[in-house]
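Shared between the two complexes below is chain A, which pairs with chain B and chain C, respectively.
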Partner chain A sequence: MAATLCSKLLPKQGWVPLTQSVRHGSKAVTRHRKPLHIQKQKLLAVTQYIPPAREFPPGAYPSHTKHVQEDNDLTLLMKRELKKLFEDCKMIAVVQNSSSSAEDMMTLRHRLYKHNITVKFFPNKVVRSFLSDSIYCNMGPLFVGPTVMFVSKEPKVKEMLTTLRGSPQMTLLGACVDNTLLSAQGIVSYSKLPSMTVIQGEVVSGLSMLTSHTAYLLQRHPAHLSQLLQQYIKQQSSDGSAEAAPKAEEAT
Partner chain B sequence: MCWDVVLAVTVFLFMRKGESGGDMLHFSHDAFGASRIQELTETLPVRHVVLPDKPKLKFLNKVPNLKKAKKEAKKLWDIQGPAKSANTFTTGQYAIVAMGGGYLHWGHIEMMRLTINRKMDARTTFAMWRINAPYKPITRKGLGQRMGGGKGAIDHYVTPVRYGRLIVEVGGKVELGEVEHILTEVAKKLPFPAKVMSKESLATLQKKQADMEQNNQNPWTFKKIAQGNMLGIRRVLSPFDLHNHGRFTGKFHFPQRV
Partner chain C sequence: MAAPSKATVVLKAVKKITVQFCPFESNVRSTREFLALVGSEKARTTNMNCEVITVVKHDKSEPVVDITYVDGEKLLMKGANLTSSEMLSAFQSRCVAKDPQAKVGEKK
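Showing the complex of A and B:
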């Protein structure tokens, strides 16, 4: 009865069932993964593991806290030597040693020693740590790579340059001459200067010349006047005598 | 881990004794003896291990000894999720660890038993089961039978295994390298992904998982959303998900999830 009623009342074409029965039983198949609900898929995608940001490897950046290293006895000894060296010596030249052989170094040392210039080797780390606390801190950037120090008590720049010309593997970087930091170009121009005694003589002569010139200038006008007067007198006297002579001739 | 030098020396003497027919006094006066002993103490570390009386794997029954065999439901939850028991080492050092759930048949168990017993050195190594004999009945209908007519007869028995369970534990005076090839050969043939692990590597794995959970930079975790029922998500989640926080789907484990 109901079926006949339904068949009469409900339209046949384009009928869509209002409820759809879907079987949600437990699935016995465990061979593959169950298809996930879209909302669960989204949830799984949202809640994925995110690892923490990668840490920088140690040593990639300098540490904020300064690493203070205790000086050992050898370093202290070398620093003391350096201090003495900087106090005593007037010329301290820094030279880059680009793989010169032991023999070359020996000959260079020998040649330099003739002019009382000694070659000193110090570790760059020690030199830089010494320079950072001293007044010569501006010399610090010179001590990079294999460096050698030429040291002498007198500023014998010219001799050093002539000796260095013989060994091309040594490159002059800079020098501290008479407590003045000089570049390589500066050293060359320093070497072209004449010696101290000549300069002093020039200065003295220049100064004495000025004073003598002043004295000359000051004395010139009175001298000139007196000369003129003398000449005048001479002329006058010569005229008088000339006049007197005829007068005397006349008189006689 | 404890290294015993004295034990090593005794082991060495024992081995030499076996070779040279037991002339201990003569051997100790041997000019090369002292240096050889030193070499061996470095290369042959020995642990404090007491080998059991029967170091080999025992035979496991194919069918449990029951008065009345009863058919059971499928009970798929017995392979789902992480293992609650037998997931830590007892006396051994190396083990085959299940990396997913599955059922072990008696055939798998026999394969493991025969391979390991044949290849391991019973004087230095021992092996022990960490699984029970097959106890879960699986029913099948006979071939060519029409559907219906109730549940079929019990065909065979299986052992359910969950993720993280140790299957076989191996220990003794051995290094991992000596037994690894045996265990990997066996682990490849199991019906679930399985790995050979030492005590340390299992601890590392667990620590890695804990670290991942600790250091997760994602503020939205599965646990938070599922337990808070955000946007009514519980509608599509099962109680199983609530417990495991999306790390498992059925017997499968997602190693990258926390």
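Showing the complex of A and C:
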């Protein structure tokens, strides 16, 4: 390069150039870090980035504005399916599985399908954002970690409990039966409830018991009086018959 | 949540693990994750005699993990303010301390 420079800048012989290139042995692209030109060094030093001074670290306080992400189409599809599910099915149970194997899942699904209970998987984020909008917002904290949903049209709680007892790693967290949120103990007590006809009979008998008690109280006094009168008549008749008998005996 | 250092959990020195929590509380996330790690198939195949019992309650109590070792020692972890990785590291350090020979044998 020095040779070419010299040939251009020295048209006449013996003419010393005004500027001379710095003699360096390396090319533009080197394996080692080439020392920067002093001008470039100065420029970089002057234009160095100085970040604004923060009073507190960035993660210390929660931010004012919440970053709301727009739902992509898959999320919308899943939300629509969830909405339909919540409208159709009377019973929705949430179960945590600490990773059962594929065969266990197959057996469980088969057993549940016999009772018309389907097993559904949805991503937790989608479910939680859907629930926070709908009326079932209190179910939100259930959907943490590996969760599975059991849904069915009829609230068949007893069968579900017996099936779940067969697989030890499934933990029943809660259920929404007939738009009522139930805990684990609530589900157990729900399964122990008697059928509707029995309960209706009990309610009717309980209500009619009050009215019958009132009627009994009202009729108590005249009933007592009539009893006393009857007793009196009996006594009179027995005295009368007792008197009549010795009179008859005297007569005869 | 950062994944724990070792993927598998060795339960050789453990007799029983009882995990109890209330799912409607907001501080049970770490306990549930710990349960998912400990109750997985891989962990259970390391020791078939070890029982993992889950109790789901609804009385706003704290999430608690109770571990009973084979030599009778008990480890009680209250997971309300712990992360799952902390709980796992505490649990595994004690497991390794109790059963170093088995661990070394496995590593080799």
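Here, the second predicted complex is superposed on the first by the 156 of 252 C-alpha atoms of A that agree within 3 Å, B and C clash if a C-alpha of one lies under 4 Å from a C-alpha of the other, contacts with A are read in each partner's own complex, and residues count from 1 in each chain.
The criterion applied here is as follows: a residue touches a chain if its C-beta (ideal position, glycine included) is under 8 Å from a C-beta of that chain, and two chains touch if they have at least 3 such contacts.
Keep in mind the model is a prediction, meaning the values are calculated, not measured.
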Touching partner for A:I117 - first (chain B), second (chain C), both, neither: neither
Chain B versus chain C as contact partner of A:V151, first or second or both or neither: neither
Contacts of A:Q169 with chain B and chain C, given as first, second, both or neither: second
Chain B versus chain C as contact partner of A:V126, first or second or both or neither: neither
Touching both chain B and chain C, residues of chain A: none
Chain A residues within the chain C interface of the complex: 94, 96, 98-101, 138, 141-142, 144-146, 168-169, 171-174, 183-186
Chain A - residues contacting chain B, complex: 26, 28, 30, 33-34, 36-37, 39-40, 43-44, 46-53
Sites on chain C touched by chain A in the complex: 23-26, 28-29, 32-33, 35-41, 44, 52, 54, 56-58
Complex contact set, residues of chain B against chain A: 74, 76, 79, 101, 212, 215-218, 220-222, 225-226, 233, 235-237, 241, 246, 249-252, 256-258
